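Order of writing sets the chain letters: A, B, C, D and E. Residues in each chain are counted from 1.
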């Protein structure tokens, strides 16, 4: 049936210009596709969905302003948006103040649990920790030395903080952990790559864990290739390199380098194949890649549709409450469930880069991993959980003292 | 050139008008925002926060115009002062959160707890006192501007050399503030503010008051600037701008002259930054990005360099346009903005103010373009 | 008038990239004296003024003015000590009007803060009117200096020099581009000024120098070639050879 | 729901979490069919040891990604046209549903070892040398017998030498056993001679080992410190190279600006975008050549050089004629217009090519590195260094030795007078701006080899470019050169000790301080014509 | 022959020339006199193409050049020594002299030796930057630079300004010599009356943008002309 009546507005808050356009434009496109598809399926509650696209232009305060516009002017029922953590941090107060709903599709550093945000990307325990587990394992090469390299911002900093604690708990010595940060957009990696090379010559199997931000990756990998570091010598495990990034690189020298995600385009399931086909048809680009944050939006959007249907209304409070416990099949198998802390259960895959620009999955977690908002590997947060169900209904509940730290996000 | 020339000092009535207009507009919007929502005159909180942002930007533009339009210092780093003012204000707002943060720590802001900091760094001391924080808003940028300007002007750094080191300054600050170890929240900056002086930042009344305060600050800034560039000091500035050396032989110290406006301008920018942060709700190192400073220069050029009102007008219009375009034409707005800048230079060489202020230079069509231009400083 | 030396340039040398523009130059000026300086193009006349006013630092030698060593001072300080200068190429503030140019030059307020709070006084207004009529630019008072003809700028700069009321005036080619009648008027003006102040004039116009009727110093290749009255130096064969021509 | 459940199951199967598959033909080959990497590795080792020619062929096919598995563990070698049964070598018709045999890093490692072993018996000494080198790097104890065998038959001294080294490394890589002390001591001595990172790693392990005989341990410790000393010496040179190479990138990025800004006085904020266009042109040329004359693909990058210069130069001329020429004498306004232009150009590229990175290929002859002593010289960086030098020399020539150069300088110093001297100022302006834009295009070609090519490319170079031109002293090409190298070297000297972020901040602060002391840059234009 | 017919010239709203007509013939020196600010330089600007005229017509060798840009007039053999010298400050003396080479055929791109005979100081300072020269040296360079292109119309705006007496004499001689060759037209603006009057074949006196006196030099008595340009 063709949907009728007052359209339900869905905000899309992704940068279409500036430095982040490179990653976020795709997410805008996938949202438009999902909305169009939903409309062709009869809309939601019998009403059509209408996308409201704005361009926050990779400018963090502008994210906040646009969020406010989407919520207060356009009255968006839900907003899908943000990529960088700082953009999320910037809009968070707005969503809490105006009681909006944000679906955030990117892997992030955790340590946050807002009632108004649904974190459909991976928390550190759904990406970083399993990835390191793999590197430590026999199959992953049994690394004994780790170089944690990242771009200097909160996501790599926090992730590395968690990883350092985790690695130490696994018996890795201090001197076998090297941490290095670079500015955004770093393009000259000669020194750092040679440092990695030297670090890897300590006589122990060495692995690199990279939280390098999107556009600094191309020159990084090019330098790795040129200095002759291959995946068999020193494997590099990346958390921010997906199919989209690989599309901009000549992957031949990179074969075997690793990435950890909850989704890979190459995973063959009927659902994924269908999704990819639809994507190609929608964008009219038969080679355009899919990636992990796209799947996150796919899951988030479908969960929201389910929750609205279940609640019978787009009223934010009702939808927020209805979200918890919603289940939605992943594109790669398994069922994602919205947990009380607004994170998802996710499978974790380790992929190796192939010469065709795709990843080949070499390992996966035996079961789905439930996302943890607060890391148990950080002293200050090890006792914290988020639980937005009554009676706790709080984002930072201390399981030891049985209190909420604050009602901040209530 | 469209820039300010001495004579126009006397035709500065428009500045007083603009000041009144800005303040009046802020008051009207503020009052309208407090009307009941069903009133036809009601103005949304969104509009109020936008207006607040524009006015704060206008202060930045004003401060840029003061040094660029009048003292001839093309600053490509003025957002540094804007950002520092903003950070000082942000520190206070952060401390106001107190124990209401995610970790419930009464003395440490969230991001410090998060990074396992044990104690407040010394430069955060006292920032929970409003007065001290306001002092920081003014003093820190003024101090930086003072030292920077004193060294630069004394050693006669000028022209593009000065422009580039101002840019290096703001770029260095950006990188420094990005670092988590620097103690200002790294890339995320400071955000999630709750209240100011006990007043809830999310309440319409607070916002209305803030808008009026911003309007007032801008109006005051306009009048103060007018006072500075008016009369003889304005002439001296122009003299320094056009022929710094010649003023020396008359016994003036151009370095001191420039330093005076420079520091004043930095403080003006800082106040703008402080007001900006309260109303926008976040301050992060992105504010120090060189592109921001360049944009501020562009607002001034669009409005009309060397006309104080023009700077204000340019800032408001360009940002208003940006707000509209990013919402209406999210994928094409850069074309619009880019063409606006190109069009302004080609067709409005004196900026928007040139539309009603007669251009004093010979009209370009009088002269064959190829041979007309007076040669610029050969650099 | 005392006989004390007002300006004492002693044994000054300066080179640019190895080229010696001023070579062990000495020159002394008594208070109230007027001196004409002539010499071939490139003899170092303008450079000498640059040194006195602090624009160029000499490689060696001393310059004393009222007991101050000028080689250690910078331009504004020297200007405030009472040395005013007119440049060879007229330099005025092009974006300012004639009046504004003159107002900035008027003796008195110099520190930025006092300029900030300065208001035009009655005396200043009077002084401006005098100056305007002196340089015959009354009807151009509100004209933008940059739009004036070459000669008009010359006059304006002379006016600015007057406005400064310096104790020592350094005047570099004041009558270049002036008509003969104006040249004579300028000579009169300078003589008038010389009643209360000291003057150093550089000129190539011999009629003008003659009209000044003051001692003449001939510079050549950075040092003094001859000194005396105009008639004396004009008769000097070396001066004829390098400067006047036959 | 059911369908999805099935999908999950399928996925699990593909991933082979430990299910194992009973193979139809249990032989040395069977592990290759997967999905167990464990078994695969065993198969490879077995085939390498005694797989015969068919085994070698299968392993080679696996390396070349020509090995496919069908149902029931059938294996086929399929390279484009021909298809054969991997076990028998017989020609076969390949079934439809073949899947390439997947590899992971462990398999690649094992495979590389097997490859090297195979090549040890090659007739070509060079191939054997490479194999020995590979075995040296692998130092896998299972290779020891093969190594010893090869050593005993090897006649060519340099290969023998390498084999000895590989042997020593392999010996040391094992835990010490009773009575091996003498051998190990000799091996330590050997590796100490070889030096380098590999040897250092092995020796460091020996030196830190608790079970090692003290004598061996001390020898290893001494060797490590000696190697470390050597490495430190080399690392100074290495850093110098990094600095030069970084500097040459800065230089290339800045030369175009040295014309448009340094000579013409146009504050050209769209300079970065011209570089970006140069990089996109490189990509287009590569694509075009791939589609038309694939044989020329390796030198596509060389063809891109003149093309990018002409295209960007042409765009520059158009920009000058339609925009810049109205702004002479208003240098500051060029900032506004070119900033607007840069926004438009970025968005045009975004609209046409999409917002994401595009992949510019690096030809094989520009990949990899050259070892000169302990110095690792990456070829693409070396090429850029040379290229930057050539571009600068060419530019110097144009500016100093050609009429155009003289006219360009004359026009910018005094446009009106230049016209009076008969110089066609519009033509000179257009050519000069075109030259600057063309140079930016050249920089774009170079940068496409080391950085990502996206609509944002220009933004990441513009600040550094201005910094270089200004720091060096506007209008002086030697200054531009000196500044690029100083900033490049400075950054690379500081980076190892204080990190990339602090190094960058430090460099900026140094520039600020330097300009305070030298207000017109490193190579100031002096003279009385200039306001000091 | 250069013919200026009823030329008007404005600077914005301000008018500098109000219907000036003038002729400059080959083999003659035409001298333009007048007080400061009467429009002499403005007329030069009109003739050389530095400023477009708002009305009137300028002909050179029979061709209408009123609308031609400066460089095209230069190509037609018009060389200028502007007031204020306009030396290229950062070009060396040699390069300053070579800026006009574009107008010469390749074989003739050389600075004639006579120029260095006339201005020996330039020969000594070939590699010095133009901007570093003394005022008078710059003036000499400006004249030399104009002569390099071998003009058929030489326009000189106060060429003796700031030049030492001996060289002024030389300049007078060379102007006379160039005139006597017969193929060059010379338009000379000069305040140095004796110098001008001695050289002039024709005289035009400007006042407030108008020609108030003009004709053959020999028709005038010096004192009459002088009186026209007195204060």
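Quick note on the criterion: contacts are C-beta pairs under 8 Å (C-beta built on N, C-alpha and C of every residue); 3 or more make two chains touch, one makes a residue touch a chain.
Being a predicted model, the structure only gives us computed values, none of them experimental.
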Minimum number of chain-to-chain touching steps separating chain A from chain C: 2
Chain whose averaged C-alpha position falls nearest the assembly-wide average: B
Gap in Å, rounded to a whole number, between the CA centres of chain C and chain B: 44
Rounded Å distance, chain A centre to chain E centre (Cα mean): 75
Inter-centroid spacing, chain E versus chain C (mean Cα positions, whole Å): 29
Chain C residues counted as touching two or more neighbouring chains: 55
Residue numbers of chain E (touch at least two other chains): 11, 49-50, 69-71, 89-90, 132
Overlap residues in chain B, where contacts from two or more other chains coincide: 175, 178-179, 243, 245, 331, 334, 370-372, 378
Footprint of chain A on chain D - complex, ascending: 1, 3-4, 6-8, 10-12, 14-15, 17, 37, 65, 102-106, 108-109, 112, 197-198, 200-205, 208, 231, 235, 238-239, 242, 245-246, 249, 346-347, 350, 354-362, 367-369, 376, 378-381, 449-456, 459-460, 491-492, 495-496, 499-501, 504
Complex interface listing, chain B residues touching chain C: 3-7, 228, 231-233, 235-236, 238-239, 241-243, 245-253, 256-257, 259-260, 360
Interfacial residue positions of chain A with respect to chain B in the complex: 16-17, 53-57, 59-62, 64-66, 68-69, 72-73, 84-86, 89-90, 92-94, 97, 111-112, 152-154, 157-158, 161, 181, 183-184, 378-381, 395-396, 405-409
Residues of chain E touching chain C in the complex: 11, 14, 35-37, 41, 83-84, 121, 128, 132-137, 139-140, 158, 161-170, 191-193, 226, 229-231
Interfacial residue positions of chain B with respect to chain A in the complex: 44-46, 49-50, 53, 99-104, 111, 113-116, 175, 178-180, 186-189, 191-193, 202, 280-282, 284, 286-287, 323, 326-327, 330-331, 333-334
